[in-house]
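There are structures below to look over.
One chain, chain A, appears in both complexes that follow, with chain B as partner in the first and chain C in the second.
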Partner chain A sequence: MTRVERAAPRRGGKRSGPPEPEFVQLLTPEGERVSHPDYSVDFTDDELRGLYRDLVTVRKLDAEATALQRQGELGIWASLLGQEAAQVGSGRALRTQDMAFPTYREHGVLYCRNIDPIMPLGLFRGVDQGGWDPVANRFNTYTIVIGAQTLHATGYAMGVAKDGKVGDDDETSEAVIAYFGDGATSQGDVNESFIFSSVYNAPIVFFCQNNQYAISEPLERQTRIPLYQRAAGFGFPGIRVDGNDVLATYAVTRAALDNARHGQGPTLIEAYTYRMGAHTTSDDPTRYRVASEVEAWQAKDPIVRMRLLLEKQGLADEAFFKAVDEQARVEAVKLRERVLSMPDPDPVTMFDHVYPNGSPLVDKQRAEFETYHASFEGSH
Partner chain B sequence: METLTLGKALNLGLRRAMEDDPKVLIMGEDVGKLGGVFRITDGLQKDFGDERVIDTPLAEAGIVGTAIGLALRGYRPVVEIQFDGFVYPAYDQIVCQVAKFHYRSKGKVKLPMVIRIPFGGGIGAVEHHSESPEAYFSHTAGLKVVACSNPSDAYWMIQQAIASDDPIIFFEPKRRYWEKGEVDTAATLSGAYPLHSSRVARSGTDATLLAYGPMVRTCLDAATAAAEDGRNLEVIDMRSLSPLDMAPVFDSVRKTGRAVVVHEAAGNVGLGAEISARITEECFYSLEAPVLRVTGYDIPYPASRMEEEFLPDLDRVLDAVDRSFGF
Partner chain C sequence: MAINQFPLPDLGEGLTEGEILKWLVAEGDVIELNQPIVEVETAKAAVEIPAKWAGKVVKIYVPEGTVVEVGSPIISIDTGRDAGPVGDDMSQGAAAQAEKAAGEATGGLIGETTASGRTAVLVGYGPRVTAAKRRARKGDEAPAAPAPAAPAPVAAAPVAPPAPAKPASAPAAPAAPAPAGQNGHAVLAKPPVRMLARNLGVDLSTVAGTGPQGSITRDDVQSAVSAPAAAPAQRVAMAPGQRETRIPIKGVRKLTAANMVASAFTAPHVTEFLTVDVTRSMKALDRLKADREWRDVRVSPLLLVAKAVLLAAKRHPMVNSSWDEAAQEIVVKDYVNLGIAAATERGLIVPNIADAGSLSLRELADAMTDLVQTAKSGKTPPSAMSGGTFTITNVGVFGVDTGTPILPPGEAAILAFGAVRETPWAHKGKVKLRQVTTLGLSFDHRIIDGELGSKFLRDIGAFLTDPEATLLAWT
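Moving on to the complex of A and B:
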């Protein structure tokens, strides 16, 4: 894992964007399978078609959520557009027993954990703050404070090691993955999580989706060296992967997770990608980036290259692609219907779950709240 | 009954909690081999191993943040913040995460954590080693906040806090670590005085002194001195700062008609303001005088050669009692 080399010379394609960084790539934007000396992975035809289906579905559900926000049904939405491969590749690389700590944008990882995609919509609609069981779902509640979850992931991984769940058996040994973005790498919490995980040799993978922007601030405001190289200073391997290449992302993440579960400690993965949309639906990216940059990344689209691969290798025909689109459309419609039917919460439930053991102060205020509202009954 | 210092009582309480539950962990800076800068965790790593008594990197946000992850995993971490003034790097993790995980998950996550903070002044220390940050945490929903004042409470309250599923900020009066008292270590935890209850520490009839942590001793001494002047003061040890247990306070003030709240922390927007407001709301017609406060001044904690004048002491407490009787 120490050698990170350009997999193969780029063939054809557009050259209008910035120079490509060195990263692990197994599938070019033109849909060519390329090899890498350290990362080879064999996918069955079904797996390749499955990854394509994931990418398309995740994008469709994300677009539906954006539309729901535009129609006033969600308060805000943090779109993953452009980052589907980074999320599907890493999400599918997780083994069942692994634990993920997302930010608020990991809808694709959530989908690949076979979790009901409705789960985070309550948060964005404003009916709850998440409300799911992190441990039962092997997927923590969305964390909105930038980078805070990396420490929770590290502590959880320290607990995995204490429980004796680090070992050679891939079916029972556990690993943890912490998601964060390029902006988060400037946070103290993230740097502290690197230190803690390193000195305790915790079974964790730090998965940084470098989507080039922290809201409006470009990468050069966060770092003067490639982010993956930061790992060296903390004493564990760092590697950059083409985050728009679902195959490479899968391969690199699976290897890092297995290294972690086998007792080899943390890895930092920098998934080099691009946020095609806005930071959230409240953002206007035209104020801080130019159209030509977005177009250059459009040419590296993660879904197009998978489709090209499937076509070139004769693994899928037009009927398959149509069926995938139709299935995604049906899922999106279902999601929309469920969002629209989400009831507004009874306001008195805002007093619930403040403390496991309750609090006389909260109880008193709940009672006062109910009395106050009861005083209006019959008056209108 | 054993005669123990407050520090030793905490040490024995931690030991007993670790014996009772293998999921209890101790984390912090220098808590292992050294036994903590105040020796509160003395000998625990030797007996329970470095997997359970964990010397951490010097990063308070990291300590609290990883403790959250360990709690998610099913452990019960007891975090030591070395000094009050060092808790602020962890403030975000405590306020945004420790306090809110249970709420965010609609009750599906419990974080049974204890964050121990030696607090208060009076030990001649340099800057950042003498502060009283309890109001910051008491203001935050989702946290419970307690302060012990004597060896017996120290022994039982630390065990109760560890056994509780609520996240608890546990304030220890560092200048009282060496004070001795009787502790019934043969008693059972279930029979201990409730963690979130205030307690009458001295019965009296003429005025009520309200304090917690290091100021309970100061108020008891003031009451002893006042008795020589013929004034019979009641002293209530608040013990729980969030939630406050006000019922015994209301009973007392209805009886005495006068109340003085005492704490080391600055007065502006402090616990004394909240306690005073609650008394006024509940006991307005019983009050013979406004509720008065004796607190640290609203300045940064001063250099230690001046701290005796900064900290409320027996004379300032008695002066406030005099003023109360002047109305």
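Moving on to the complex of A and C:
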């Protein structure tokens, strides 16, 4: 009997590459400001410098965390390298009252929410569950399960609408943003949340960072059409933005959030970007993508183009760039020292936050566990 | 002065060991925080490890090429100040640690598995060495007694009694492994193995077991017979005789050997040869090189051979297939992942070009250049070495005429491409000096009959004899 297999995906054949996708762009990789008929930003010089500072700091802290994993101080780390603009742009576009639902890679958004960057490191060091207050910080805990947070976000957004917090006042009306990746779009959860949010006109922005790979699976195995076009089938607008352009990402996200808070319903944003590093530190990207592709994306680096802009417009000099680098370095060293001094938790504390008000079953398990631990030599 | 030792961390999730590929620093070097110090290869990836401290490299404990268990110190750095949290390790002397790193047998820890081979851990959590963090239970004589209430994360790794020593895996192992049977425990061996030992005259108490729970396997007995009488069977790296070098079988060599044995004794090989005049191909190559658009492209005769194979495979799809013994099916592939055998410093590797049949000649040339450069730099990822469907081995680069190649496992045919030589050759009724080469095609006779193999080889030859005409005729 003979069986004919389907053609394997082409690995070597992408050299010439597909045509550049159409997306909203306000800042080219060469640092040129370009205009767009529907989107614009109006930043002060200080704000532009601030965005640059954010990008550099976020990348530096991320690199430090990667190093800490390689040194055995973190169990695992999901690096955001290459996606800084998508995260800082969208993170800064959030208004104070907005609520964000991250994956496990949104360290840049977390930074923009003014959450101590040590928080996720405790999670990945295995000494706590993340530790920040999702309500106070308007930033949910990291969700490891792929796509699950889109349902949480949709439910939350439906609640926002029911609470009557949707309206015309930009300073008080609320919107919700759900982060996920290209791989998550293949999950049932994400499609269900699209349906619910569409039908209930929920005040939510679906922010998809399309970094081209679902771990090792390339985008062409996730979809036959550009991801942002999926939204049309669910009945709400979708838009693709240059995810390596912090200005465009900010403009598109701010507009989508404001639409949501004004009661105009959901938007899907596809931030077209690239994960320059591994999926996580447990992964070897050289096994599934070619060096020439990575190099092509290196030329679109989000930080380089921002720096070029600042230089061209005379908004910053060498001293400024040096100072930013130095400040980021100092923050990274501080972060490292704090990670190294994180104490191992008492094993019993893992029972502490299972239920907000405790549970007889968990209490019983805790007691058994304590007895078990006390049975070792040297324990009290 | 504060010397910090850096133990090899778990670089993935649940990895137990890594191989030191390359040191990027030397003893005495002054290094910065996060400066890359060493390349380590694990079952998952080859990665650079950044320095955990700034300071001066005091000692490198582990030479390149050594497989190190997670938790063993690999380097010490003088930071000139107090150590960080890992400074706990400092209570033990550096020398003792070094010996441990150099391959001292580590056995007897609770929960440690003593299987001789490494556990394949590609995804998720595998068994891991827990070092000395496990605490002894109160009132237990034998620390090895399994704790009934203890969570057992890995069902496949039974809690072992104090196990016999693991074979030393690095040179300069000072202590001989303690043979089973001398540690107060009964010799573990299955009845057929005992019988084999008796027939061969092997005293089981002198054999170190490598099986589960330190049991003695058939292989252990066999190698005890073939080993020099006095030396324990497992001392791979000890210098055994004069004017002999013992090279541990591992890495690429081990893989190559396993593949060759698996293939040679599974697929009945047939090899056919064809000597062809490739003068026109060589001229075509020259024209290609002269083309402006091809100016920066590396073109070699191998490129045309690859093209010939791809075209001929399209005409004879059955040669691009594999034998699925389990399913009792022949799997015919309509894509060609074209393997190119490459000799590298680390041994023979066969990376392949995925779906090479769909590439233009230019793309094929680029892909081949890429592949060779990656292979030479030793950075070929494992994924590029699996899934090949047809392989070319270019023995001609070594100046030989042909060979009888052995099939890579799972492939039905392989082509050897010999040296191209100026040879007196009958050409248009006269004897002329022509560029001639010999092709050797081995194929799996279970799948490919002589007729098909011959036609396929003939087509490759036809293309190389007259590429332009065959292109017109075939495509």
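Following the convention adopted for this analysis, the second predicted complex is superposed on the first by the 353 of 380 C-alpha atoms of A that agree within 3 Å, B and C clash if a C-alpha of one lies under 4 Å from a C-alpha of the other, contacts with A are read in each partner's own complex, and residues count from 1 in each chain.
Definition applied: contacts are C-beta pairs under 8 Å (C-beta built on N, C-alpha and C of every residue); 3 or more make two chains touch, one makes a residue touch a chain.
As the structure is a prediction and not an experimental result, all values here were calculated from the model.
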Q: Considering only the touch criterion stated at the top, classify A:290 as touching first (chain B), second (chain C), both, or neither.
A: second
Q. Thinking of the overlay built on chain A, is A:41 touched by chain B (first), by chain C (second), by both, or by neither?
A. neither
Q. Touch check for A:152: first (chain B), second (chain C), both, or neither?
A. first
**Q.** Touched partner set for A:188, first chain B, second chain C, both or neither
**A.** first
Q. Which holds for A:341: it touches chain B only (first), chain C only (second), both, or neither?
A. second
Q: May I ask you to decide whether A:219 touches chain B, chain C, both, or neither, giving the answer as first, second, both or neither?
A: neither
Q: Tell me which partner A:281 touches in the superposition: chain B (first), chain C (second), both or neither.
A: second
Q: Enumerate the residues of chain A that count as touching chain B in its complex and touching chain C in the other.
A: none
Q: Could you please specify the touching residues of chain B with respect to chain A in the complex?
A: 51, 56-57, 59, 61-62, 64-75, 89, 92-93, 96-97, 100-110, 112, 141-142, 144, 164-166, 242-245
**Q.** Residue ranges of chain C in contact with chain A within the complex
**A.** 6-13, 33-34, 44-50, 52, 84-86, 135-138, 149-150, 328-335, 337, 353-356, 358-359, 363, 366-367, 370, 379, 381-384, 387
Q. Which chain A residues qualify as touching chain B in the complex?
A. 128-136, 140-141, 143, 145, 148, 150-160, 162-163, 188-189, 192-193, 195-196, 199, 352-357, 359-362
(Q) Please output the residues of chain A touching chain C within their complex, sorted ascending. (A) 1-13, 15-16, 64, 67, 70-73, 75-76, 278, 281-284, 286-288, 290, 292, 333, 340-341, 368, 372, 375-379
